[in-house]
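There are structures below to look over.
Below, chain A partners chain B and then partners chain C, in two separate complexes.
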Partner chain A sequence: MIKAILIFNNHGKPRLSKFYEHYTEDTEQQIIRETFHLVSKRDENVCNFLEGGLLIGGSENKLIYRHYATLYFVFCVDSSESELGILDLIQVFVETLDKCFENVCELDLIFHMDKVHNILAEMVMGGMVLETNMSEIITQAEAHNKMEKSEAGIAGAPARAVSAVKNMNLPEMPKNINIGDISIKVPNLPSFK
Partner chain B sequence: MRGLAVFISDIRNCKSKEAEIKRINKELANIRSKFKGDKALDGYSKKKYVCKLLFIFLLGHDIDFGHMEAVNLLSSNKYTEKQIGYLFISVLVNSNSELIRLINNAIKNDLSSRNPTFMCLALHCIANVGSREMAEAFAGEIPRILVAGDTMDSVKQSAALCLLRLYKTSPDLVLMGEWTSRVVHLLNDQHMGVVTAAISLITCLSQKNPDEFKTCVSLAVSRLSRIVSSASTDLQDYTYYFVPAPWLSCKLLRLLQCYPPPEDGAVKGRLVECLETILNKAQEPPKSKKVQHSNAKNAILFEAISLIIHYDSEPNLLVRACNQLGQFLQHRETNLRYLALESMCTLASSEFSHEAVKTHIETVINALKTERDVSVRQRAADLLYAMCDRSNAKQIVAEMLSYLETADYSIREEMVLKVAILAEKYAVDYSWYVDTILNLIRIAGDYVSEEVWYRVIQIVINRDDVQGYAAKTVFEALQAPACHENMVKVGGYILGEFGNLIAGDPRSSPLVQFNLLHSKFHLCSVPTRALLLSAYIKFINLFPETKSTIQEVLRSDSQIRNSDVELQQRAVEYLKLSSIASTDVLATVLEEMPPFPERESSILAKLKKKKGPGAVSVNELEEGKREGGELNGGGERGGDSSAIASTPSPSADLLGLRAGPPVTAAAPSAGSLLVDVFSEAGVNDDGFLRFVCKNNGVLFENQLLQIGIKSEYRQNLGRMYLFYGNKTSVQFVTFTTTVTCPGDTLVLEPLIEGGAQVQQVINIECLTDFSDAPLLNIKFRYGGALQNLTLKLPVTINKFFQPTEMASHDFFQRWKQLSLPQQEAQKIFKANHAMDTEVLKAKLLGLGMALLENVDPNPENFVCAGVIQTKAQQVGSLLRLEPNAQAQMYRLTVRSSKDTVSKRLCELLAEQF
Partner chain C sequence: MRMPAPIRLRELIRTIRTARTQAEEREMIQKECAAIRSSFREEDNTYRCRNVAKLLYMHMLGYPAHFGQLECLKLIASQKFTDKRIGYLGAMLLLDERQDVHLLMTNCIKNDLNHSTQYVQGLALCTLGCMGSSEMCRDLAGEVEKLLKTSNSYLRKKAALCAVHVIRKVPELMEMFLPATKNLLSEKNHGVLHTSVVLLTEMCERSPDMLSHFRKLVPQLVRILKNLIMSGYSPEHDVSGISDPFLQVRILRLLRILGKGDDDSSEAMNDILAQVATNTETSKNVGNAILYETVLTIMDIKSESGLRVLAINILGRFLLNNDKNIRYVALTSLLKTVQTDHNAVQRHRSTIVDCLKDLDVSIKRRAMELSFALVNGNNIRGMMKELLYFLDSCDPDFKADCASGIFLAAEKYAPSKRWHIDTIMRVLTTAGSYVRDDSVPNLIQLITNSVEMHAYTVQRLYKALLDDISQQPLVQVASWCIGEYGDLLVSGQCEEEEPIQVSEDEVLDVLEGLLVSNLSTPVTRGYSLTAIMKLSTRFSSLNRIKKVVSIYGSSIDVELQQRAVEYNALFKKYDHMRPALLERMPIMEKTATNGPSETVQTNGETDSTILDTKHLPSISQPASQANDLLDLLGGNDVVPIIQTTVPTKPASAGGELLDLLGDLSLTGGPTPTPASSVPMSQPPFLLDGLTSQPLFNDIAAVIPPMTAYNKNGLIIEFTFERSNPNPNIAVITIHATNSTEADMTEFVFQAAVPKTFQLQLLSPSSNVVPAFNQGSVTQVIRVLNPQKVRCYCEPRTHSASYRSRSSEISPFVLKHLQKSDECLSGAKLNIAKLKLRAASH
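And now, the complex of A and B:
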C-alpha cells in the first residue's frame, strides 16, 4: 500500500502532499520535513530507495523517490509494493503531468494544485493503484477539463446556456457511447486472443 | 483563477515567515467573511476560495473552517463544484459526525446517479476518508456496484479499491457473500485497468480468507502466462517501454505469494514455465536503452524471484534465482544492487540455497566496504547477518567490527546488536566471544546497550573455562588511557568476581587491579560508581591485603558523604561490613555469583523490537536458543536423528541414539549459556520443573503444537511416551525430532510408533547419576516457515528412586554415617505455594522416595529415604524437609552417598514447594 505521496522542491517547500493514512496536520507537516531531510541529503546517482523516517513507520516502510530538476517526487510505501514498480509509477505520473501541462514545471504544480490532485486520483485511490495506463489517465483528465470548460461557459455566458447544457455531457460521452454494451472495449480487444 | 494566482504570487514574494503568516491570516479572514456573507457565491468563487484554502493547508497551516462550504459544493450538480468539494473533503478529512452524515447523503445521491464521473468522485471520497460511518453506510452497496453487469469499467475500478479500503478499515462490516466468487473472476476481465484495481482487492481478501479465494490461483496463473507470453505490442497501452503490463505482472506474482505452490500439476507446470520465461528474458538483450525499460523488466524479475523463494521447493529455479541475484550484486545500477542484496537475505534462509548464497560473501563484504550509499551498505550488513553460520562467523564478525569503526551513526546500534548476537550464537571458543564483545565496546561503546554488556557478564559467570581469560582481557583493556564507561562496568564486575584468577601475576596483583579500577572511578557516572563500590568490597573478600587501602577509599568524604544517596549508602554499609564481619561471614556474603538460570537472550528481542516484527523471524530466535543450548551442554549433537512425519511413517524404525561425549566435570550446569537475568523466566524450564514430582502431563504448548508426556520408571530403566498434537489445520512437513543427552549418563532410544496419532516412545536407561536433562529438539515446517524448538525432557535423577522404608533408629544411624560435608546439601528457601501438609506429602511421594512417618521428633518435619538405581551403582539418599510456617520458609537437607546427587536433588526440590 502507498502510505503517502509527497512532492517538494529542492528547498523542502511542499508542492503536493497526499496521505492515505490518517495523521494529524501537525504530524503530516513533520513527516514532510523529515522526509525532505532524509531524501535531500542523498547524493545523485545513489539508489532510489531508503527506509522510511520514524514518523511514518520506520523500517516497515520504504521511501521511493525520484529527483526531477527542482522537484522531488517521494512515494512512501509498505513492503507489499515492488520498489521498481513504484519507480515506474512515479515515471508514469510525471510523464502524465508533462503531457497534461505541456512541459510541466514547478509553477504548474503550484498554480494548478487541483488538477494535479485530479490526475493523481486517476492513478492512485486510497493508497492503491487504480490505473497505470498513461493514455487512459490522460483521456480521463482531458474529459474533466472539457467538462470544466463547458461549465465555465454556462456561468460566463447565460445566453449560450441552452446549447451548452445540450453539450455538457458530451466530453464524457465518448466513453459512454463506446460502451453502450460494456463488454465491448474496442481499443483493448486485440490483446485477448 | 486570477485571484488564486495573485494570492500564490503574494505568498511567494513574502520576504519573511512573519510576512507570510500575516498575508495568510489576511486571506483566511477574507475567505471567512466571504463564506459567511449574505451574498451567495457562485461556483467559480467558491472553487477559488477552496483552492486557496488547500494551498494554505499545504503550507502547513491548520484549516478549521470551510467544510460546510465544501459539502455544499459537493452536493452541487455541476462537475466543477462537486469535484472541488470532494477534493477539499478528501484532503482535509474531518471526523465530525454531523458533517460525515451530510457527506454521506451527497455520496448516496452520486452513487445512484448513474453518472460515471459522479460515481467515481463519490467512490474516491469514500476511499479517501474510509471512516467507520462511511463503512456502515456503504459496505453493502459497493460490492453490488462492483459486480453489477452494467457498471462501467472506470467505476468498477474505483469500486474495487473503495471496497478494499473499507475492508481494511472495518473488516467486520464487509460481509463476504455471493459477490466474492464474482470478484475473483474479475481477474479474467477484458479491461486491464479493472484487473489492475481488482487484484489489489483480491490480494488483500486472499490474505485474510485464503480458502475462500483459492480459485484465484489458477486464474492468476493463466492471466500471468498470457501477459508473459504476449509480444510487447499486444497489450497496447499497457505496454510500458516495451514491457507488457509490468505493474499487473508484479501484482499477479505478489498474489501468488499468498498461497503455497499450486497442487494442480497443469497449473503448476504453466506457472513454472512463466517463471522460467521471466528468468530467460533477463538474459536477452534489452529492447530499449532507456532505464525505464530495464526497470520494468527487473520489477517483474524480482517479484518472480520472490515467488520462487516463497515456494522454496524448486531447487532448479532457486539456483537460477540465486545466480541471477549474484549477477545483480555487481551491476552498475545501484538500485539493482540494493534489491539483489535484499532478496538474497530471504534466499539465505532457504536450505536449498543457503550454500549458494554463501559463495557471494566476498562480494557482499566488498559492498559493505565500498558502497557509497548507506541504504545499500545497510542491506549488505543485513545479508551478512543472514548468511552467517558457524563456518564463516569469524570472518563476518570481524568484517562487521571493522565496518563499525566507520559506520553511519544511524545504523550503529543495530550493527552492535547484530555483532553481539552472531558472536554469541556461533561462539566455538568463548575467549573469542569475550574478545569480540570487548572490541565492540571499544569501537562503539556508546551504542552498546545494557543488554549487551549484561550478557557478556552472564556468560563469563556461567562458564568457568573463560573466566580467567576474561579477567586478563578486561584488565588489559582497562590499561588504555581512555576507555568507555561500558568497559569500566564490565571490567569492574569481572575483576570483582574473578580478579583472583590473575592476581598471581605481579603485573596484575590485587593492588594494581584496584588502582587501575579506581583510576577510572572519578570519570564515571553514578550507576557505574555504585558498581565499582561493589567490586571494591568483593576485592576485600578476595584479597585481604587490599582491605586497608579500600577501607580508606570508602572512608573518604567523597564516598561516605557523597551527595548521592545510593553511593553514600553503599560506602557506609560496605565500610561497616568490612570492619565488623568475620572472614567467614564476609566470604559467605560476598561469595562468587552463582550461575544464572537459562533464559532466552533479550538482545534478540531488542533487535526484533528495533527492526519491527518480521525482521527477525521467530525461527531465528528459536534457532539462537538451540544453537546456544547445544554449545553449552558441551556435548555434540546426538548421533542419529529420528524423523517423524506428520503422516504415519510406514516403517516404524528403531533408531539407536547415543549421547555425545561426556562433559567435563567442571562444566557448570548445562544449558546455562543463554541466560539472562533480565528477561522473563524461560517457559521450557518451567515445564521441565513441573515434572519433578509427577510423570504425566503437558510438557509444552504454543499456538501450533502441544506435547504431552507419559512416563514410567522401574529400577534404572524408564520409558517415556511423547504425544505430539498439531493444533493447526495444516500439515506439518518434515517433522523431525532429535534427542540429545549431555554426558554419557543416560541411554535414550527413541522409537517411532506408526499410527494415526503421532506418538514417540523413548526408552531410557540410567547409566550413572546425572544432573543435566536431555534435550529434545523439534523441527518442522509450518506454512513454509521452519519451526525449531528445544525443550528439556523431564528426566531427572529422582525418577530412578527406589523407596526404602526404615525405622527411626535406622534412619538416624544412616544419617550419621553420611556425615562428610560434601555428602550433604542444604538449602533454605521461601515457600512458593501454600504450606499444606497433604500437598507436601503428595509431592514428596511423587518424588519417588519413601515418606517415613514417626521418624523425626518434630511432627512438622518430613523425612524420606530412597535408593537411586543406576547401572553403575546405587546411591542411597536421605532427605529432611523442615517447614517454618511462621516465616513461610523451608529448610531442605539432603544427604546421599554421592555428593553430586545430594546437590542435584536439593536444586530440583528447592523449586517445588
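And now, the complex of A and C:
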C-alpha cells in the first residue's frame, strides 16, 4: 500500500502532500520535513530507495523517490508494493503531469494544486494504484475540467456578475449633500466601498 | 456589513510567494485566514469553493485549516460539480476518520454514489475509498457492491479499490463482495483488471477460505499473463516497450500468494513463470521490475528446482547490473531467499561482498545484512576479514549494527578461542564507542573462560591500552584483565606471542593514568580503581596501591569515593580477609543460551559491581548460602515469590552481612542458619521498609500486592497486573499515602530499568501526598520485559539530608564490606535488575 505521496522542491517546500493514512496536521508536516531531510542529503548517483523515517513507520516502509530538476517526487510505500514498479509509477505520474500542463514545471504545481490532486486521484486511490494508462488518466482529468468549465459558463455567470459589481471601483460617494437649507443624510453604504 | 469579494486562489498564491521571510508569510496567511473565517460565518455560498481551495493550499504549506471541515461538507452537498470536487478534495485532505461530520457525510456520499453523472459517482467512490471510517463503510458497502457489478469500467475499477478499503476497515463484509468477483477477471479493461487483482489479493491475504476458493482462478490469471507477454505492441498499455508492466507485476504477486504452499497451483504456473523469466526484455527498468517480481514468486511457491536456480541466477545478474536500483532489489531479495536456498546464494558471495564497497548507503546496508547471513563455519575467517575492514571504513550509522553482527557471528562460528578474542578486541579498538553495553561483560566472560589464553590476552590488552585509552569498552575490559591477571603480565610468560617486559610500576602507572584521564568515563574509573585494588594481592607494591586508594577516598565522584573508602577499610580493618576477597575469579558458567540476555544485564554504572558479585564463591562464607545467592542472581529456575522484609537486627548480632544474604536467599529456598564466620560488631542495618522480590518470573504468576516503601510516614504500595494482550508487560500501580502531619509536596516517583526492559511511567494523579492519610497519589507504571529476564525491585528514597551524606550504597558494600552508620541510609540488596526509586522531599 502507498502510505503517502509527497512532492517538494529542492528547499523542502511542499508542493503536494497526500497521505493515505491519517496523521495529525503537525505530524504530516514533520513527516514532510523528515522525508526531505532523508532524501535531500542523498547523492544523485545512488539508488532511489531508502528506509522510511521514524514518523512514517521506520524500516517497515520504504521511501521511493525520483528527483526531477527542482522537484522531488517521493512515494512512501509498505512491503506489499514492488519497489521497481513504484519507480515506474512515478515516471508515469510525471509524464502525465507533463502532458496535462505541457512541459510541467514547479510553478504549474504551485498554481494548480487542485488539478494535480485530481490527476493523482485518477491514478492512485486510497493508497492503491487505480490506473496506469496515461491517456485514460488524461481523458478523465480533462473531462472533469470540461465539466467545471461548462458550469462556470452557465451557472457561474451570476456569481461573476456579483463579483464584478462588488469589485467595481465606485468613486467616493458624498455622505452629506447640502442643497441650500435642506440636508439629506445619505446612509452609510459600506458595501460599496 | 458585507465583505469585499475574497481574493482568488491565484492571487493569494502570488501574494504568499512575495513573502521574503517565514514571519511575513505567516502574517499574510493569518490575515487571509481571518477573512476566510468571516466569510464562512456569513454563510457565503458564492465564494465558499474559492475559500476552501485557498485553505487547502495553506494546509499544504503546513498551516492549520481544520476550521474548513464543515465547509467541505457544505460543498459536497452542493449541486455544482465544481463545488463537489473541491469539497471532496477538502474532505480527503482535512477530515480525519474520527470526525463527527462523518455522519453527515455518509448521506451525501450515498446520494452521490447514485448520481446520474459518472464523475460525481467517481468522486464519491474515491473519497470513500480514501477516508471512509468503518461506520461509513458498513453503511455504504451495499452501494459499492452494486457499482462493482456495473458495466461502466470507470466506476468499476474505482468500486474495486473502494471494496478493498471497505474490507480493510470491516473485514467481516468481505463475503458480500464474493459474488461480484466472479466476472472480474473476464474484463477487458486493464484498469478494472488491475484493481480486481488488487481486490482478490486483499481477500486472499485476509482469509484462508478465500485463498483456497480463488486458487481455481490460477489458469485464468496465467492466461491473462500469457496474453500480456505474447501480445504485440499496443499503444494503450505500452510502457517502454512492455505491455502493461503494472498489471503483470500485480498478477505475479497474486500468483505468489495463490501458489505458496500449494502443489497444484504451483505446478500450473511453473511454465508461465519460466516464460516470463526468459522472455522479458531487461534493458529498461520496467522489464527488471517484472523479472524481479517473477523471481520473488518463483522463490515463494513450490517451484521446480531448475526454475529456482534460474531465479537465483537472475538475481546474480542483477547484482552486476549498472543500475543501483537493480542491485538494491537483488540484495533485498537474496536476503529473503538466503534461508531457503543458502547454497545457491552462497555462490554469489564475492559479488555481495563487493557491494560492501558501494558508495550507496542503501546498498551497503543490504550488503552488510546479507554478508552476515552468509557467514558460516567454512568462510568465517575470510568473511570476517572483509567485515572488519568494512567496520573500519563505514559510516558511523553502520558501526553499531556491524559490530553486533560480528559479535554474533564470532560467537557462533569462531574457529578458535584466540581468533574469537582477537576479533572482539579488533572490534573494540576500531568501533569501541559504538558497541552495546553488554559487550564488555560478554568479552570478560569469554576471557575468563579461556584459561590458557589469559597471559596472551592480558598482554594484548595492555599493549592496546598503551596505544589508545579513548575507546572506553576496550579500556574497561583491559583494566579488568590487568586487575585479574596482572601477575601474568609482569611475569612475562606468554606462549602465544613474544612476551613483553613490564614492571609493576609501569602497570600501575597505566591504571593510574586511566583514573586521571579526561577521556575516562566514571565507569572506566571504577574499573580501574578496582583493578588497582586487585593488584594489591598480586603485586608487591602495596604501599603505592594503598596511597592511590586513600587519595580517592575524597574523590568528588561519589561512586569512586565510596569504592575507595570501602577498599581503604579493607586494608585497615579486614586485611586478613583481603587475599581471599580479591582472589582470581572462577570460570563463569553460561547460564542460558537465549541470546544477549544470557549474560549479565547491566545498566551502565553497575557493570563492575556485577562482576564483583561473581567473587562471592571465593569469599569465606558457607558455600550453601553463596550458592543460593548465585542461584538468585543467575539461575533460570523459577523462584517462588515470597515477600522478604528484612528486619532490623539487634546491634549485638554479628555477621549481618550473612544474615542479609540469608534473608535474601529466602527467595531461593530455606535459609540455613548463618555460621558466624566473621565475628565483628556492626551497627544495625537500617533496612526498615526495604524489600526485595522478583517482579517477573518465567511463569505467568499473579503477583500479590506489596508494600514497597514504608518509612517516615510515607507508604508506597505496589499492585501488579499482567497486561492482557502482552503477558510480558507488567502493569504496576503505585499508591502513595502519607501518615504524617504535613503534606508531602513535590512528590516524584521515579523508576529505572535495565536496557532490555522498557518502562512507561504514566502521569501521577498528583504530586502532593496529603497528610493524615487523607488521600493517596496513584501512578501507573508499565514495564515491558521482552526477554523474560527475572528482575528485582529495590525502592529507596532520596532526600536532601540523605544526599548530603553520600547516600547511595553500592551493592558491593553489602557483599564484602562493612560500612559506617552514616553511610547507611538505604541499601541495595542485590544486583539491580530493576531500580525503582521513590523520591520524597
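Just so it is clear, the second predicted complex is superposed on the first by the 154 of 193 C-alpha atoms of A that agree within 3 Å, B and C clash if a C-alpha of one lies under 4 Å from a C-alpha of the other, contacts with A are read in each partner's own complex, and residues count from 1 in each chain.
Methods note: a residue touches a chain if its C-beta (ideal position, glycine included) is under 8 Å from a C-beta of that chain, and two chains touch if they have at least 3 such contacts.
Because the structure is a prediction, the values reported are computed rather than measured.
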Quiz item: Does chain B (first) or chain C (second) touch A:58, or do both, or does neither?
Solution: first
Self-check item: Partner chain in contact with A:94 - chain B first, chain C second, else both or neither
Solution: neither
Self-check item: Partner chain(s) touched by A:140 [first = chain B, second = chain C, both, neither]
Solution: both
Quiz item: After lining up the shared chain so the two structures overlap, which partner does A:113 touch, if you call chain B first and chain C second: first, second, both or neither?
Solution: both
Quiz item: What is the contact status of A:105 with respect to chain B (first) and chain C (second): first, second, both, or neither?
Solution: neither
Quiz prompt | On chain A, the residue positions that both chain B and chain C contact, one per complex | solution = 14-18, 20, 22, 25, 29, 32, 43, 45-51, 80, 82-85, 87-89, 92, 110-111, 113-114, 117-118, 121, 125-133, 135-136, 140, 143-144, 147-148, 151-152, 155, 190-191
Quiz prompt | Of all residues in chain C, those that touch chain A in their complex | solution = 1-2, 4-5, 10, 13, 17, 46, 53, 56-57, 59-62, 64-66, 80-82, 85-86, 89, 93, 96-97, 117, 119, 122, 125-126, 129-131, 154, 157-158, 161-162, 164-165, 190-191, 194-195, 198, 236-237, 239, 244-247, 249, 253, 285-286, 288-289, 292-293, 324-329, 332, 359-363
Quiz item: Which residues of chain A touch chain C in the complex?
Solution: 13-18, 20, 22, 24-25, 28-29, 32, 43, 45-51, 80, 82-85, 87-89, 92, 110-111, 113-114, 117-118, 121, 125-133, 135-136, 140, 143-144, 147-148, 151-152, 155, 159, 162-163, 166-167, 190-191
Quiz item: What residues on chain B touch chain A, complex-wise?
Solution: 4-5, 8, 12, 42-44, 47, 51, 54-55, 57-60, 62, 78-80, 83-84, 87, 91, 93, 116-117, 123-124, 127-128, 130, 149-154, 157-158, 161-162, 164-165, 190-193, 196-197, 200, 203, 226, 230, 234-238, 240, 246-248, 250, 254, 292, 295-296, 298-299, 302-303, 334-335, 337-339, 372-373, 375-376, 378, 611-612, 615
Quiz item: What residues on chain A touch chain B, complex-wise?
Solution: 14-18, 20, 22, 25, 29, 32, 42-43, 45-51, 58-60, 80, 82-85, 87-89, 91-92, 110-111, 113-114, 117-118, 121, 125-136, 140, 143-144, 147-148, 151-152, 155, 172, 175-176, 179, 182-183, 185, 187-192
